[in-house]
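Below: a set of structures, written as structure tokens.
In what follows, chain A forms one complex with chain B and a second complex with chain C.
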Partner chain A sequence: MASVAQDPAARDPGGSRGSAQGRRALPGWRELGARLLALREGSIIVIALVTAIYFSVNTSTFLTGDNFKTLLPYFAPFAILAAGEVFVMILGEIDLSIAGLYLFAPILFYKMNTSVGMSLVPAVIVALLVCMVVGAINGVFVSVVGVNSFVATLGMLFTLEGLSLIISKGTPVATPGGQPPLGTFGKVFGGGTYSELIWAVAIVVILQVVLTFSRWGLYTVAIGSNKLGAAEAGVRVNVVMIRNYMLCSLTAGLVGVFEAVRSATVQPNPAGPNEILFLAVAAAVIGGTLLTGGSGTVVGALIGALFLGVLKDGLILQGVQANYLLFYTGLAVIVAMTANVFVGRARRGTITRG
Partner chain B sequence: MAETADAPSAVPPASAPDDVLRVEHMAKRFGPVTALRDVNLHLRKGEVLGLLGDNGAGKSTLIKIISGFQRQDSGQMFLRGKPYEPKSVDDARAKGVDTVYQDLALIDELSVFHNLFLRRERVLRPLPLLNNREMKREARRALDEIGIHIPRIDVAVARLSGGQRQAIAVARTVNSAADILLLDEPLAAMGAKEGAQILDLVARLKAEGRVSIIMILHNYVQVFQACDRVSMIQDGAIALDKPTSETSVEELTEIVVNEYRRARQAAAQPPA
Partner chain C sequence: MSDTDEAYEAVERLDYLDRQESDRPGFDRRAFLRRTALTGVAAGSVSTILAACGSSASSGGGSTSVFGSHPSYKFVFVNHVTTNPFFTPTQYGIADACKLLGCSYQWTGSENSDVNQMVNALNSAVTAKADGIAVSLIDLHAFNAPVEKALAAGMPVVAYNADAPTNKRLSYIGQDLKLAGEKMGERIVSAVGSGEVGLFIATPGSANLQPRIEGVEKAVRSSGKPITTHSVATGAAVAGEQSTIEAFYQSHKSAKGLYSVDGGSTESLAKVMQKLGLRGKVHAGGFDLTEQTIKLLGEGFIDFTIDQQPYLQGFLPTLQLFLYKVSNSQTGPFEANTGLKFVTKETVEPYVAKSRYEGTTTAAAVVK
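After this line comes the complex of A and B, so read on.
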């Protein structure tokens, strides 16, 4: 289910309701293709499929269960991060501080557990609550104070990364609950093989439902599409914006904890999180969410993340040298985005004819 | 009119026994700019009041204050005789005052029916999810009731024509329970045919007698066609308040011409 539900006309480009219903009994390939491309996520679904088929044909190991397990950490964390980021991007804003929270949350979790002496679950809850407070601060700066979101969250990004370095004194620490043998906590919070996948699917489904079928989602789209108009209609713009920033921070902190548990250590090095930030934003954009706001999809972000994951995994399986990996990823992002633009144009074309 | 180059004399507070809304000594400044100096206005039950005035005279500011979107610096409002201080757009709407803004406040990305129900969404209790089916049905019925023809209500409003968008914006307020409607240039950016449809709608609403309407207009012919009374705002104050039957296009035009003369004289004089 996509956010295209708000624009169901896109689904049957071929004219009236009745005839579309009649055809639904026997959907031809053309019709199916038209329907797929009419979805906001359509183009990235096609691109991700083509990429997966390419690697399946060209490598003997891509289409195996073991490889699927290898693939998971390449996309599940990005899907969760992107899902939160989509809620901010639809507003027409951006949240760069997610990289800072990704680093800050596990360090705070570690401190709460070791220095304060909280047990694992309360320590995680406190860390995530602090993340949401940070999100609220971001939201206040952007909506109430009116600081440009790129600048405000960039400042917050540096602040949090700096704070993480100060607190951890720059040395890696062992993640509580992430040491073998893993307990229930570790298995649930990122350590289990399918833990992050399950979280990612659950979060994406819930947030897509929120976006498409709740007032919160409706107001998010409304603000991104016409902020003044939404305010004039009585939407409490600041409240919605602050809430979305809090959601985005929560997902970022959650992924930070997952990854720290999965890798058993917290590396207080901003370089990794910063790359993850850009990949998460890339996943959202490739998935069909506009940087300019007003339109976006959480499911698309998941598929965008899947595409990036498949690409990285496939390239590694093909034996591409590590040094070439980023280069090919960059090219693939450009190609995927260009395809998106063309498909988007075709989609709007079918709409205007409809 | 014997008025020459004098500053326009403001109309003092007036009232009628059947007033639903009174505005007294309303003033509003934006930094160094005085939008409203001293505005007195009243709206009688069931009437259509035309609000006229030059660009920047303060019409939209006045509408935004009445609709609860902005607060005045000083002055009072009375709704059905009681003090009226809307805290927000929602609050004003709850008290029965609803507005079609000049910029329409439509959300391009949302469908027609979502726009119609923005801030009044129907939900599937006890779940906090949108009841789209119910909203579509009600939207269709509401549009039929007021005689607006929109072929499909599940398309994004971005795909509608200017006139259809205006109709949706008007329908949104009509669809609400409001009995005081504020229409800020409802005929702007509309073709003659579409404009006539909106005026028809206003006339039908008036005939029903349930709602009272303040409408900002620019075209004097439309003013005389649609309004019972006209208030002209100049330099942040009401310069004329007359039933349309007692005034004429000539009188209104003369006021504007006089204002234009004054402005030219003021521009010619060196600043004091």
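After this line comes the complex of A and C, so read on.
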């Protein structure tokens, strides 16, 4: 199994199942892909589905067209954030600064548009380029300098949040291009009903393909599994790490702009993004990406985000009070993840014996 | 939905893999059963947990004798800090009004002023076909479109606690925040006269706090007195607030006054005043009445606090929405300024008694 071979704890070193081998054994790639789906994301798909069915049965409003639209922003932004984060997590690192970029990018976009006088699209591009530069700095600190990624990106998180407060003077402002009636820019960049969903699906598909089939993806997994080994084998570890951090920062900045356009306001309040950070990392982990690195899936992150979104939307539709919402969400996540672990373990048990 | 297809496919793949397994000589039937059982357990236990989440807060009520027979209306309150103790009396206000009028309610939104989360919750309320919505408009722009959508769907929407002037909401029930800040600023000017003043704000920029600090700064500026204000963000977490305030004072020992513009920072400020023994040396004041703030105000550690009657911010919106519903929009919404009431050491005495109106007890009783 590809997932097993990518897992450092794989107990079957003799099996011809690594993704590298999978790529070589091309005729079997369809089967391999199918197995991948069945294995790594399988249990979370089942659990997300059970949750959705539960709410469909127990509320009259969950399974409606209206709620489909309502549900989208509950998971699409997190799916995009998690997709980028997966690339860093597979390396065995973490990027906490995504919350800072989520906050910082729309403020920069606003400043570029209003103070510098750039038009909307160039302003977004500049904001996102700055995000990528921040990502590169993160990557350099983690890979070249060797600062622990948790601390390095935590520092970057605080720096960016502070900078956001300084630049914005702590005042929320109206998002350029996000005010009704929405123009094309607003509709494309998060304001349209399906905008975030389309972006999320596109980004997830592209990144999953990159992860599974490209050299970049292969190197990422290799570094996460065995950094030294990858370096010995000629992988330019630093380059790959910096590139992944840049990707992660780009997705975070993008989501920041989307959410600012969607809510028509650029908020300098750091408290919200800090919670979003947790949810994005949680979505990735729930989806089957290891915090210890070496294994991960972008599609899984999407399903993980979907599970969290369905849970929250469903509970609110059911009329759960805020104080209970956290409690039930917490319990449901623990139960679901415990189940996930056992299901995964049992599956691996049957498979590695083959 | 495509997710369904994917899941179907996943299950089919599993069956397919299992079949392969069973064909193999080493197939372990026990492992197979265990896996199947676990999937079942997973599904079952999630449902059980979720089954415990049925909605609450329904009530009978004897209002039918006054208003005629009406359904049990359900009102949704979207809040920016749902778990903040400040809003405990607000929730009691809603609960009491609902009991009185035979309605039910849901308290939801964000825990930390995340506007996007609040918009999501507001949209969910519209989807769930609530009979009325009350929302704290902590942002000037974000709620315009969602509120208009709700109004277009025939749901009355009122604002409470924080307001946005351009919003189409039917009414606002709460404090005039900027005015409250200006009044505080005037107090600061007359108490301090000159020198350095620290202003503490939990989350700079949030529309329910920022107008207060701007009001304070405006009043200080327009007084023309040589007062330098330093605004300090204390953060949303209560634990960090106290140390932030302490650190500010340690580095500004010449400060003549310390003032907070939110309830959490006010309580923390009072505690710092007590801890560092600043009573009588430094002027201090703030907003809202937590149990600790009431106690420390009574002991004179701060000069005043400004009450905005959080109970009414729950009771009145419920009443307004209810009247709107039973009168089919003929009556109900009206602007209500719930408070600009300075409470001092001399006037704090009634607040010491525990009550639902200050959220210090759950028991309903006439306060003595």
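Everything below uses one rule, namely that the second predicted complex is superposed on the first by the 316 of 354 C-alpha atoms of A that agree within 3 Å, B and C clash if a C-alpha of one lies under 4 Å from a C-alpha of the other, contacts with A are read in each partner's own complex, and residues count from 1 in each chain.
Keep in mind that, in the parts below, contacts are C-beta pairs under 8 Å (C-beta built on N, C-alpha and C of every residue); 3 or more make two chains touch, one makes a residue touch a chain.
Predicted model, so just to flag it, every value in this text is computed and none were measured.
On the superposed chain A, the two partners chain B and chain C both fit, without a clash.
When the shared chain is aligned, no partner comes close enough to touch A:145: not chain B, not chain C.
Of the two partner chains placed by superposition, only chain B is touched by A:229; chain C is not. In the superposition on chain A, A:295 makes contact with chain B only, while chain C stays out of contact range. By the touch criterion stated above, A:174 is placed in contact with chain C alone, chain B being left untouched.
One of chain B and chain C touches more residues of chain A, and that partner is C. Think of it this way: put the two complexes on top of each other by chain A, and the tightest Cα contact between chain B and chain C is 15 Å. Taken together, the two structures place residues 351 of chain A in contact with chain B in one case and with chain C in the other. Those residues of chain C whose C-beta lies close enough to touch chain A in the complex are 3-4, 6-7, 9-11, 13-14, 16-18, 20-21, 24, 26, 28, 31-32, 34-35, 38-39, 41-43, 45-47, 49-57, 74, 79, 82-83, 104, 106-117, 119-121, 123-129, 139-142, 144-145, 203-207, 210, 233, 236.
The touching residues of chain B, counted against chain A in their complex, run 67, 69, 88-90, 93, 99, 101, 103-111, 114, 118-119, 121, 123, 128-130, 132, 152, 154-156, 159. Those residues of chain A lying in contact with chain C across their complex are 34-35, 37-38, 41-43, 45-52, 54-55, 58-59, 61, 64, 66-67, 69-70, 73-74, 77, 165, 168, 170-172, 174-175, 178-180, 259, 262-265, 267-269, 271-276, 303, 306, 313-326, 328, 331-332, 335-336, 338-340, 342-343, 346-347, 349-351, 353-354.
Those residues of chain A that touch chain B in the complex are listed here as 5-9, 209, 213-215, 218, 221-222, 224-226, 228-235, 294-295, 351-352.
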